[in-house]
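Both of the next two complexes hold subunit A, though its partner changes from subunit B to subunit C.
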Partner chain A sequence: MSLSDLLKLILDLLFSPWLFVPLIFPGLITVFLLILFIIWFERKIAAKVQLRYGPLYVLKQLGGAIQLVADLLRYLFAEPIVPEQTDKLAFVLGPIFLFAVSYIPSITIPVSSSFYAIRSDIGLLISLGLLTFGPAIVLVIGWASNNKFSLIGGLREGYLTMAYEIPLFISALSMAALYGTMDLVEMVEAQSGWTWGIILNPLAAITFLILSFMSTSRFPFEIVEAESEIVMGPFTEYSGILYGLTMGASYVKFYVLCLLFSIMFLGGWQPVPSFLSWSPVLPGVILLIKSLVIMVFGVFLRSVYPRYRIDQALKMGWHMILPLSIGSVFLSLGLIVLGVVP
Partner chain B sequence: MSEERTIELLIGPQHPSSGHMRLYAEVDGDIVVRLKPNIGYVHRTVEKLAETKKYIQIIPLVERPSLADAANHNLGYVLALEKLLGVEAPPRAQYLRTILAEMNRIHSHFYGLGIHGIMLGSSTVFMWGFADREIMIEMAQRLTGARLTYSYIIPGGVRRDLPLGFEEEMEKALRYIERRLEDYGKIFLRNPVTRARLEGVGVLKKEDAIRLGIVGPNLRASGVPYDVRKVQPYCAYPEIEFDVAVREEGDSMARVLVRVEEIRQSMRIIRQALKKIPDGPILAENYLKMIPPKWKEFMEKKGRVKFPAIMVNLRPPKGEAFSRVEAARGELVYYIISDGGTTPYRFRMVTPSFRNVVLFEHLIRECRVADIPAIYGSLDYFPPEADR
Partner chain C sequence: MKRGSTPIGRLINHLEAIETGIKYLFIPRMTVKYPEEIMELPEGYRGMIKYKKELCISCSLCAQICPANAMKMYLDESELKKEGGQAKPKRRPGINYTRCIFCGFCVDICPTGALEHVGIHDVAFDSFEAQLFKPKDFEEGPPKVEFERPPKRLRPKMDPKRGIVYEPAD
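Up next is the complex of A and B:
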């Protein structure tokens, strides 16, 4: 076998969807780059609102764009302290699992109509189902830390999970009912010609967006880690890279939810010109940009809102968003009965 | 162990929002059953130290407990000392004292608003509050030469006259603050999340407020229009028109809104005082005549007081004096007993934060864990001031 053959083999392997999707886009590398960008952006936009500079000195020409690389290095070289009284195995493995289960659902996301790692009739359920592992691990972390603040934070996560997960599933499934499929690729295909989900069923879009903010501790629902109340919630005892992982995990989960949001409500990689649809590059870029817009909006809320109290957030989840999401199911059914969608 | 229903939460002294104190909270689920403040972490024996220092040296000492409100603490002490000495500051000095005291009130209220913002999770209000307090720090620097601890008010007058162009600069600063207050209204005071967090939380009833001896904005938010500036006017306040900010609700939101209204009233007072300020000396006549002619010339040219030698060893006659001023956080009381020596025999200082600390136990009860910082911030409690 010659060298060029070997190179071709490696390239083929690398650009095969089974490797490309988990590793490059929307998987690991994009996840890391996006975390670096979005946290930098969050700090920068908050700084803009708050009349200060924000990150500046690491790569000054680009406004401190790689500040987070410096932070990551600092996390990597800081000593991860494991306190004496903790359940050590759960304490150390918790953040690693938390990051992993937040990242895994991204492999179920299709990049274009012909480029995906997993395609299933129940693709939507698989990605949402995989997302529900995270809160359980947060509960374990809160328990294993053996700290009262961690315990309270873990329990808050548990309560909030109950309040957001059910309406989240209902509003996602209302879209599945609307398109008549749970296959993510078919869902995007059903939105061709600008009949985007957000236009057809705005109720489901709004509830899904609010609930994804709630499930990833964005403001005004930053209740689990509420600093002025319970220090850092379940992650109080963490330091070094273990803390970095817990912090990154919520951003990864937010990223996956934003990808799902763009696929369900913003037409995924639509509109892509038909003569370019053979290549996954343009559809992938469109999908990424759409999710990025949602993420940017989500992190911007930090500079606008204080945080709700847990009982107010729970009340909002059960009394307002749950009925709204059920309403979105009826809206979908109504659209089907009226024949708006085929 | 199995029968215990509540857990004890120790909030502080090393907690992001506890301040220099510890709160013992007994928590049943998410409900705070009982909360006890444990104060004294920043006790600096100001009262006892004052008994070892000369009268003029006590001025920097009393400023330290409350950095955001240094001028009012300075003013209260000097008023008591002047009563002992039997001197009175000339009218121009009285006006200058009033202006600095009100500037400090604005500064202190912005500081409190910022701290309250971060306690509720609004980092924007935290940054804004701390940035906008800078305006008054800068103006105070122009007037006194120092940013925080001015030591500006001395027995018989003040240390410096108005600098050139101060009125115009101040007008600009006040207009800026007026504009900013609108922004605060948009992002914090009328924000639905803030209102959900503060309205109806930590309600202090009128009769409880009077019974517990609460002072300052916390008292006025419960519907009691008590303000030392009106009840027992001092300095230039009798000649100046202003309203006492009062609200009836008594909840955390009312306490915040009273402070915001007080910022507006302080701006009104500063504007009037700058307009009405009379010409004349800034030091009392009997000290002025002790200054050597060369120094007096310098003083008149530069508008800066050269301390007369007598200030070093002030010897008030035997007796006692009592003074009270309305500091930013409430009524501030000084009581000095002199035995005729160069140091006070007894020095007593009752700070507003110390009188309000009882509210922690009274208000934070049967509420949520998340309400602890919300109520704490609304009290504008400042541990160093309470501990002295």
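Up next is the complex of A and C:
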């Protein structure tokens, strides 16, 4: 076998969907770059709203754009301290599992109508189901840290899960009922011709968006990590790269939820001209841009909102969002009965 | 009825909050980028303190009034003062900038005006001991502030719409 054959084999392997999707887009490398970008952007936009500069002096020409690379290096070289009284195995493995379960659902995301790693009849249910592992691990971390702030933070995560998980599934399933499928590729195909989910069922879109903010502790639901109340919530005892993983995990989860949002409500990779749809590049870019817009809006809210109390968030979840999401199911059913959607 | 008491009213409140945030995105920043730009200090700014030995009458009032015990009298062996037939060393003030709170009481109480503020507030010391100014160092005045590149000077101005704005001083 010659060298060019070997190179071709490696390239074929790399660009095969079952390696490209988990590793490059929407998987690991994109996740990594996106975390570096979005945390920098979050600090930068919060600074702009507060009339200051934010990170600036690391690569000044681009407004401190590689600040997060410097932070990452710092995390990598800082000593990850494991306190004496902790449950050591759970303490060390917790952040790794948390990051993993936040990242794994991204492999169920299709990049285009013919480019995907996993295609299943219940693709939506799989990705949402995988996302629900996170809170359990946060609870384990909170317990294993042997710290009162960690325990309170973990319990807050448990409480919040009660508030967001049920309406999140209901509003997602209302879209499944509307399109008549839970296959993510078919969902996007059903939205061709600008009949996007957000136009058909805005109620489900709003509830899904709010609940994805709530489940990834974006403002105003930054209750789990509430820095001014309980230091860093469940992640108080962490340092070094273990802390970096816990911080990145919520952004990864947010990224996956934004991808799901753009697939369910913003038409996924639509509108791609049909003569370009054979290649996954343009659909992938469109999908990424749509979810990036949602992410940017999500991190922008940090500069607008204060933090809800835990009881206010729970009340909002049960009194407002749950009825709204049930309403969105009826809206979907109404649209089907009226024959608006096939 | 308050607007926040109905769901629609609350929705409007949320939208207004987001609108305010977006509006602030387009207002110019008000940061003074310190090492590159410096703000001109106003008249009567309470910076570090300068000591004029020739005016000092060794009355110790500054050390007595100092609320943070930063000002302290030291005995100066080089100057002797006749006091009841025998020569005693004169007392001179020294200041400890780790304690000083820049309240300016010592400057106010000095009967001869031997102490005064100078517009220096941004000195970095490389050791704890360097911040202790004995009478001899105190007399020489605060250290000079040096910048890597000459900074741009800005003057603060009140603007009726935007609050404090900065305009070039030159």
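Convention: the second predicted complex is superposed on the first by the 342 of 342 C-alpha atoms of A that agree within 3 Å, B and C clash if a C-alpha of one lies under 4 Å from a C-alpha of the other, contacts with A are read in each partner's own complex, and residues count from 1 in each chain.
Criterion: a residue touches a chain if its C-beta (ideal position, glycine included) is under 8 Å from a C-beta of that chain, and two chains touch if they have at least 3 such contacts.
Only a predicted model underlies this, so the values are computations on that prediction, with no experimental measurement involved.
In the model built by aligning both structures on subunit A, subunit B clashes with subunit C. With both structures placed on the common chain, the touch criterion links A:279 to neither subunit B nor subunit C.
Legend: residue contacts after superposition of the two complexes on their common chain; A:300 is shown touching subunit C, with no touch to subunit B. When both complexes are overlaid on chain A, the residue A:231 reaches subunit B alone and has no touch with subunit C. With both structures placed on the common chain, the touch criterion links A:48 to subunit C but leaves subunit B unconnected. In the superposition on chain A, A:222 makes contact with subunit B only, while subunit C stays out of contact range. Of the two partner chains placed by the overlay, neither subunit B nor subunit C lies in contact with A:16. After overlaying the two complexes on the shared chain, residue contacts for A:85 are found with neither subunit B nor subunit C. When the shared chain is aligned, subunit C comes close enough to touch A:320, but subunit B does not. With both complexes placed on chain A, subunit A has more residues touched by B than by the other of subunit B and subunit C. Judged by the touch definition given at the top, the superposed model places A:148 against subunit B, while subunit C stays out of reach. 49-52, 303-305 are the residues of subunit A that lie in the contact sets of both subunit B and subunit C, per the superposition on chain A.
The part of subunit A that touches subunit B in the complex is made up of residues 46, 49-52, 148-149, 152, 219-220, 222-223, 226-231, 302-312. Listing the residues of subunit A that touch subunit C in their complex gives 45, 48-53, 300-301, 303-305, 320.
Residues of subunit C that touch subunit A in their complex: 7, 17-18, 20-21, 24-25, 27-31, 33. On the side of subunit B, the complex with subunit A involves touching residues 7, 9, 15-17, 27, 30, 117-125, 127-128, 131, 187-188, 191, 193-194, 196-197, 368-373.
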